[in-house]
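Common to both upcoming complexes is chain A, partnered first by chain B, then by chain C.
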Partner chain A sequence: MMKKCPVSALNTVLTALSGVAPLYLPVNGKGKDTRAKYTKYEDGMIYSTALNTVRSAKDFFFPQTENLVNFKVDGKNIEIIDPREEHEDFILFGVRACDYKSFDVLDRVFLSEPVDSYYASRRAHGIVFTMACTRPAETCFCTTFGIDPSEPQGDVSCYMTETDVYFDAKTEKGEVVLAKLGDLLADCEESTVNEQKELISSRMKALPLSSLSTEAFGGDKLDKLFDDPRWESLSESCLACGTCTYVCPTCQCYDIKDFDTGHGVCRFRCWDSCMYSEFTKMSAGQPRLTQMQRFRQRFMHKLVYYPANNDGLFSCVGCGRCLASCPISMNIVKVMKTLSEEAEDNGSK
Partner chain B sequence: MQTVTRETLLDKASALLASGEVSRVLGWKKGEFAYDVTPAVFESAEEMEKDFVYDIFSGANFSKYLIKETAKEGKVLVFLKPCDSYSFNQLLTEHRFDREKVYAIGIPCDGMMDASTVKALAPEGLVSAERDGDNLVIHTLYDGDKILPYADNLPDRCRHCKSKKVVAYDEMLGENGDVVDSHRFDEVAELEAMSEDARFAFWQNELSRCIRCNACRDVCPACTCEKCVFDNPKSGVENKAISDSYEEKMFHIIRAFHVAGRCTDCGECSRVCPQNIPLHLLNRKFIYDIDRNYGDYMAGAEEGSRAPLVNYKTEDPEAADVLERGDK
Partner chain C sequence: MAANNRPEALIPVLGVATDIRIDTPDVKTFRVVTPDGKKAFIHKPGQCAMLSIPGVGEAMFSITSSPTNEEYMEFSIKKCGCLTDWLHAMEVGQQITIRGPYGNAFPVDTAFAGQNLLFIAGGIGLAPLRSVINYVRHYRDRYGRVDIVYGSRSMNDLVDYQEIINEWCKEDGINVHLTIDREQEGWDGHVGFVPNYVTELNFPTDCIGIICGPPIMIKFTLAALEKMGFSKDQVYTTMEMRMKCGIGKCGRCNIGNKYVCKDGPVFRFDQLDELPEEYD
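Now for the complex of A and B:
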């Protein structure tokens, strides 16, 4: 049964939710950057309806840095300390359909054998409220990857109109949480959000990137794309900053490092980026010697290697973050358009 | 208004390519939207005709790309806005590229927009933006058009532009300007006037957003080390991500010290930061201090100038004098 509350009562609902478990939601920033970022809810905070947070929701399941284990050295003894802290339920509110789909992409990596227990534990403890996108941005192209922002998945999917917020429990976890809100939500018909859904669908069709196609890509395109001469010009001004990989909800590479604390070792993992010269550096060096090769890796991974290993699923969800953040405005859309064009030009290739 | 137009630059570049004077052109390449212009190397007039843009989003500074471009065969054409030309000179002072392999065209500038600035003005569904006389016109998907005064809405680096003068060029297009009164130290002075705790809280809040992508360093024309200490696994400080919040501040403080006296205040660091951290304020603090202690000095204003920090003079102030003055 769909439930709802008036927009004016949203804060009461959020406060109640934060009583169930720590609640994180997009809130506009303070200081020089007022864009929305996920923030731990405190009474009175205002939920930001801004479309996509600068950093994605992957942070909650796969944080940028995470302490794995600590070693404390005392004379000849080494004490092993477990610093793990991912044992508590938490609620994520306001996740967009694209970010929700990114969890699927990450699951296939971290939950396949050998299962990453840190990630698995965070996933098991997370309760996700998604939010339909009434005002998709010009940089959004989730529909290219078959994602429907009018039907966001999750434990509870939400819709927001000028007057009301709607809650639709999709899983048992979601049902349980909504039940705890009791009278704060009123029952309503599923069909009440139909108009919203139609509005969203028509807006998606009108977006500038709505015609972007994945036709030229997929698991079987390795030979065709790998040596494409266009990689050179596409990558020529890339700064190798890795911003695109850090803001991306599906980028999943990490490094494990030891930090010498002076009286022991803190072993942590942190995100890594295929754009970096030090990425996967081994005694024999880094396997990808030029920035062109590193740049190519990022896009080939999303558009060819990942689908080859995951039943055709692409590992881009079209959230548009790399479009908004890259210092040189190079991004997956430009790569896809350029390489698709070439395929058309030389039909024989 | 931009007196030099896309056509002016295109004609010039085509002629230089045709005569063989240059073999490549560093230019801005059009994107999907109005604001996502990419730095690119063009090799023919046809390529330029197709994709070259010069408009209010042609803000990227090409000087640093010259290190890579001059390592190749032939001469490269580069367009220099006033601020770019300071970086150009500073790189020459540090012998970072071969001047003989560059043909530099100076272009006047009265302020460039950038993606994050224009997005802040229209955060939802920004379709395009252009300049119309003194106004900035923004077209949005859901809220119609927004018309705003252009000059007042420029990014910080252009609102506080230090100079309209192109200080290095082979050929100047349009009319060259002068060094202007920028008020660029006003905000530094405000920070200095804060209590220590308030200032700490200010930087804590700003720097805590850093994701350590190093884009600020990668774009910086003063950061040209072959191997940055922060990328060197043997340095012991190489970290791909923040390990704690203290380390984060160290990274920025070390970087600011390293570029002190060499930073030309081109503003690229703040422009590229995906987290909108006002990095230019750190660097300006150093410029402000250098000016107060050693007399006005602008890195890049003159090729080959000796920066005060590497040029001992007997009349340089002693630390005690500075302490007595009570600088923050």
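Now for the complex of A and C:
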């Protein structure tokens, strides 16, 4: 059963939700940086309807840094200390359809055998409230990857109009949480959000990137794309800053490092980027010598290698963060558009 | 609430170095067992393990001992970076950490069964092949003729030299062909690069080739074999790439849709042809 509350009562609902489990939601920054970031809810905080948070929601399941194991070293002896604790339930509110789909992309990496227990524990305890995108941005292209922002999925799908917020439980977990809100939500017909869904669909169709196609990409396009001479011009200005990988909800490469705390050794993992020259550097040599090779690796992985291993699923969800954050305005859309065009002359193999 | 009942590949177990043998000026062979004197895990020939010194780093090494050795594992390690410097400096009794086994293995019980085998190694490239060679020696009747071509810069740079001389060379049906790059006092064996020596020896093509060594040596050796009539689907190699997780998740060793740590490190050359030509 679809449920709803007036927009004016949203804070009462959020407060109640935060009583069920710690609640995280997008909140606009104060001061100079007013962009939305996921923040732990406290009474009175205003849910930001900004389309996208600066960083994606992947942080909650795959944090930027994470302690893997600790060691105590005493002369020739080592003690291995397992730091893992069972995570507690938490609620993520306001996740967009694109970010929600990114969890599927990450799941196929971290939950495939051998299962990553750190990720698995967070994933098992996360309860996700998605929010339909009533006002998609010009940088949005989730529909290219088959994502429907009018059906954002999650444990509970939410819709927001000028007057009301609607809650549609999609899983048992979602049902249980909504039941705990009791009288704060009123029952309503599922059809009440139909108008909203149609509005979103029509707005998506009108977006400038709505015609972006994946036709030229996929697991079987290795030979066609790898030697394309246009990688050179596409990557020419890349600064190798790695910003695209850090804001990307699906980038999942990581580094493992040791840190001497003074009382022992903390082994942690942190996000890494295939755009960095150190990424593949070995004592025996550097396999990817040029930025073109590293740039190509990132896009080939998202558009060819990942789909080859995952039933055609692309490792991009069209959130548009990289479009907004790249300092040289290079991004996956430009890569896809360029490589989709027939090569001039016969430069392409 | 403890969650450490869940298995986790990234958390290692303890190992102890119980013997450290100096092979060459920059290669030592480390014998490793758990603190209670057992093997840390069972492996197959060609598989690898992550060794680490907490606070220094962790890296992937091929397991050089054969799985048929039930007492311990061995790693022949060249000193070439931070962690390997540290490993070379350690003394017997030092604890390290170990996790694995990782990767596929040489198909010793399938594609290799009943076949003649031609092992070709250069320098430290013998390390991953030693596991296979000793496995084949252990189950000698399961394989045909065995040839081993092994070359290094000098006589002093031949890894496992004593074992080669005292055991491999003395065994019937195993032909060892050693070579060094330049003339050296006290060396009356062959002198010359491995690919040229392979050409000189002119092996019949009724065998499976297994090559490991520096990339340039692998490239020219494969070319030499092809010239002799070998096809790529009868020649194997084992690859080296930077790795962090060892389980196909951290992304470092990704080539095409393969992860060297999990889908490799052992590949047939025709399989490598299907991957993007990134690492020539």
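We adopt the following convention: the second predicted complex is superposed on the first by the 326 of 349 C-alpha atoms of A that agree within 3 Å, B and C clash if a C-alpha of one lies under 4 Å from a C-alpha of the other, contacts with A are read in each partner's own complex, and residues count from 1 in each chain.
Definition applied: a contact is a pair of C-beta atoms (placed from the backbone, for glycine too) under 8 Å apart; a residue touches a chain by one contact, two chains touch by 3 or more.
Just so you know, these numbers come straight off a predicted model, no measurement behind them.
*Asks:* Between chain B and chain C, positioned on chain A by superposition, is the outcome a clash or a fit?
*Replies:* The answer is fit.
*Asks:* Given the touch rule stated above, what does A:R84 touch, chain B (first), chain C (second), both, or neither?
*Replies:* second
*Asks:* With both complexes superposed on chain A, which partner does A:D255 reach: first (chain B), second (chain C), both or neither?
*Replies:* both
*Asks:* Regarding the shared-chain residue A:K281, is it in contact with chain B (first), chain C (second), both, or neither?
*Replies:* both
*Asks:* Taking the superposition on A as described, I'd like to know which of chain B and chain C A:K30 touches: first, second, both or neither.
*Replies:* The answer is first: A:K30 touches chain B but not chain C.
*Asks:* Thinking of the overlay built on chain A, is A:K180 touched by chain B (first), by chain C (second), by both, or by neither?
*Replies:* neither
*Asks:* Angle at chain A, chain B to chain C, CA centres, as a multiple of 10°?
*Replies:* Once the structures are overlaid on A, chain A sees chain B and chain C at 90 degrees.
*Asks:* After lining up the shared chain so the two structures overlap, which partner does A:L239 touch, if you call chain B first and chain C second: first, second, both or neither?
*Replies:* The answer is first: A:L239 touches chain B but not chain C.
*Asks:* Contacts for A:S117 in the overlay, against chain B (first) and chain C (second): which applies, first, second, both or neither?
*Replies:* In the superposition, A:S117 touches chain C alone.
*Asks:* Check the residue A:D272 against both partner chains and state whether it touches chain B (first), chain C (second), both, or neither.
*Replies:* After superposition on chain A, A:D272 lies in contact with both partners, chain B and chain C.
*Asks:* Look at A:I328 in the shared chain and tell me whether it touches chain B only, chain C only, both, or neither; answer first, second, both or neither.
*Replies:* First partner only.
*Asks:* Note down the smallest distance between any C-alpha of chain B and any C-alpha of chain C in the overlay, whole angstrom.
*Replies:* It is 8 Å, taken between the nearest C-alpha atoms.
*Asks:* Common interface residues of chain A with chain B and chain C?
*Replies:* The answer is residues 255, 272, 281 of chain A.
*Asks:* Quick one: in the complex, what on chain C touches chain A?
*Replies:* Result: residues 1-4, 6-14, 52, 54-58, 80-81, 84, 91, 93-97, 215, 240-242, 244-245, 247-252, 254, 256-257, 276-279 of chain C touch chain A.
*Asks:* Across the complex, what residues on chain B touch chain A?
*Replies:* 31-33, 35-41, 60, 65, 115, 119-120, 123-127, 141-142, 202, 205-206, 209, 211, 213-215, 218-219, 231, 233, 238-243, 271-272, 274-278
*Asks:* Write out the stretch or stretches of chain A touching chain C in their complex.
*Replies:* 68-69, 71, 73, 76-78, 80, 82, 84-87, 109-110, 112, 114-118, 120-121, 219, 222, 226, 252-256, 258, 260, 265, 267, 269, 272, 274, 279-285, 287-288, 293, 297, 300-301, 304-306, 308-309
*Asks:* Which bits of chain A are touching chain B when the two form their complex?
*Replies:* Within the complex, chain A contacts chain B at residues 29-35, 37, 50-51, 54-55, 64-65, 135-139, 203, 206-209, 233, 236-237, 239-243, 246-247, 255, 257, 259, 266, 268, 270-273, 276-278, 281, 323-325, 327-331, 333-334, 337.
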